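Handing you this structure, nothing more for now.
Which chain is which? They are A, B, C and D, in the order written, and residues in each are numbered from 1.
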Amino acid sequence: MPLKALALNATLKSSSSTEKSSTAHMLDLIAREFEKFDVITTTVRLADHNIKPGVTSDEGEGDEWPEIRRKILAADILVMGTPIWMGQPGSICKRALERMDAFLSEKDDAGRMVSYGRVAAVAVVGNEDGAHHVSAELYQALNDVGFTLPANAVAYWVGEAMGSVNFVDLKEVPDVVTNTISMLTRNTAHLAGLLKSSQYPGEEK
Amino acid sequence: MPLKALALNATLKSSSSTEKSSTAHMLDLIAREFEKFDVITTTVRLADHNIKPGVTSDEGEGDEWPEIRRKILAADILVMGTPIWMGQPGSICKRALERMDAFLSEKDDAGRMVSYGRVAAVAVVGNEDGAHHVSAELYQALNDVGFTLPANAVAYWVGEAMGSVNFVDLKEVPDVVTNTISMLTRNTAHLAGLLKSSQYPGEEK
Amino acid sequence: MPLKALALNATLKSSSSTEKSSTAHMLDLIAREFEKFDVITTTVRLADHNIKPGVTSDEGEGDEWPEIRRKILAADILVMGTPIWMGQPGSICKRALERMDAFLSEKDDAGRMVSYGRVAAVAVVGNEDGAHHVSAELYQALNDVGFTLPANAVAYWVGEAMGSVNFVDLKEVPDVVTNTISMLTRNTAHLAGLLKSSQYPGEEK
Amino acid sequence: MPLKALALNATLKSSSSTEKSSTAHMLDLIAREFEKFDVITTTVRLADHNIKPGVTSDEGEGDEWPEIRRKILAADILVMGTPIWMGQPGSICKRALERMDAFLSEKDDAGRMVSYGRVAAVAVVGNEDGAHHVSAELYQALNDVGFTLPANAVAYWVGEAMGSVNFVDLKEVPDVVTNTISMLTRNTAHLAGLLKSSQYPGEEK
């Protein structure tokens, strides 16, 4: 049975924007590579949805997070994709992470969060700087709420210092990025397969 | 003439929430102390406003950022107050910082951003951990977009590891917090006064 | 066959210090708990060794890193333990991470770093704040150089804001810390076992 | 009277290394530009000195920090220059910051740390990524121990993602870097002048 990945695109731009999303481009490359490992990827563009501020799984009327949360838990792999702004993760990425804070108290009888057994990877794009820090913050937040991180769990691109070129506008995807995507997808699929067939044991009763 | 401070409260809770905001409590303490140094503070609770995602100064219909931006530029001091979630700044704080990214290209003839000459300080509250990192990220973002940071520019409170008490529910404000607020307000007012009477020179023509 | 863990204690104090190391205390608790999962832990106190600055695996005469590196690669699990200073990882921890930067170019024929298949966890102690940020930086650095991170890969303790009590001086280990250590060791042992019997595949030829 | 700047070069390479230091190159550019603003710069290459681990101002026999500390306090401006390793500040930079932790308890009668009234700026170089995060960590650590940060307090260069070119090997200094250095030196000199003639007031008795 194929593994399922959910890719969250945290670009600040909604689908109706006339500007292309570099984050979408990176996530597309990852999704295509995942196919080689029998992983089927679904993507959600977060800016298209009303994700209310808060740290519970349902913030009431109009909140579209519950449906996204359902998709996260229906998948084996979560790929969090975010642009870099000011060297840091974007506000829409932060919003989604905040909502996953609720997993901390959503546990089964063995003390395992609902997210346990899932593997996370990260996609980061920016004009010039910030990819390592963004991956650090995402790793920590995702790990805190129960996700497992495979070796080399990030694919990223940034340009030279103070540059302004967008990843989506590069004529070619640089080889180093292609290699990284290959590594990320291979490792993520492998680890997700292992955990799917052998979930964390949880605490004894 | 008194100095003017604008305090942005980035709590995830709007004013209509029944829960008290610890960030509001910290900002109130700072505002009260500022009075001793002839600084008048106005507070804006960001969650009460529709701040659209983006990195320009006006993201179009319904965007309430332009009015907040106007208040930032009308003040001598910016106090950014944020709760900690997952050891990191909240998403509403990130949204406001992102919008200030626009200052990078809003410069006068001498190459100075519109924000130049203003002093920033930071207020951070959380249940257990993350204040230093939050201040680091805020310092960097605020400094990048033109703000000056006085010595000891942060007031914060967090509880013991994995605690769940809120700052606003403490019976008393701890002395160490009071001392920090005193230091922050004194230094901020002093530096804002200096820069108000002696703005950065900008580049020669 | 039991799994092997190597715990690196990055306290600033050498073994000859008269002060007790809180990091050592946390690592001891972890090592004891690891026994329940048939994991045997060896600890190295980094401050006792001459680890020369640099980013290669052997920085020449007098460098004691090569022996520590050998121990890292002989183990299935790496636990990096560090004190928090200024809300950030200590300089000795940073030194060790820097030396592991060499793994980036030490790959087998399938493009896998020498560190692949190993699982890392993190132990962090401080007086008052910084655990999340320290774990974020360590996760990112360790993941970049090939380590895999199990769900909830950190055990930490910090006191209340601006406190000065040391973890090693607490009368009792708080229950929340005990629970975290239990979760960390259980998850780490489980994942290390999975990867030991099913290493990442690496790239096809 | 001219202002005095102390530049600390935290490269991992000592002066006897045959490799050129990119950090030294950036600091040289800053020192030259400082001359235009009547600021005289002295540089210390930290790797040439035995800076013992610890958080006091004198760690005993053989410790060369006390002399560096004396130079910091004799200057009006501190420029901390560091390479980026793994997207983070180098271990030698961290060591120096840790030693400045001692300033927290070295206060005058008005509660002002010995470092008060001094201005700090930051120089960061790396092959590909990490400048914003490094400046964030340095701003926070330096601000915590009493330094004031002028607007746009960082000069940096990094190459494209996963690149390996060194700043010191670029044929020309990019214009954006030159502009940043100009801004940094101008702002730093201006603010240091203001604070030299008008120190923070400290607490009333």
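Everything that follows uses one rule, which is that a contact is a pair of C-beta atoms (placed from the backbone, for glycine too) under 8 Å apart; a residue touches a chain by one contact, two chains touch by 3 or more.
What you are looking at is a predicted structure, and each value in this text was computed from that prediction instead of being measured.
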Shared chain contacts [subunit A and subunit B, defined touch]: C, D
Longest centre-to-centre distance from subunit C, chain (CA-based): B
Of C-D and A-C, pair with higher C-beta contact tally: A-C
Centre-of-Cα separation between subunit C and subunit A, whole angstrom: 25
Rounded Å distance between subunit A and subunit D, as computed from the means of their C-alpha atoms: 36
Whole-Å separation of chain centres (CA-atom averages), subunit C against subunit D: 29
Multi-partner residues of subunit C (at least 2 other chains): 86-88, 132-133, 136-137, 140, 144
Partner subunit D, residues of subunit A touching it in the complex: 86-88, 128-133, 136, 156-163, 174, 176-177, 180
Complex contact set, residues of subunit C against subunit D: 12-13, 47, 53-55, 85-92, 94-95, 97-98, 101, 137, 140-141, 144-145
List of subunit A residues in touch with subunit C within their complex: 111, 113, 115-116, 132-133, 135-137, 139-140, 143-144, 146-154, 182-183, 186-187, 190-191, 194-195, 198, 200-203
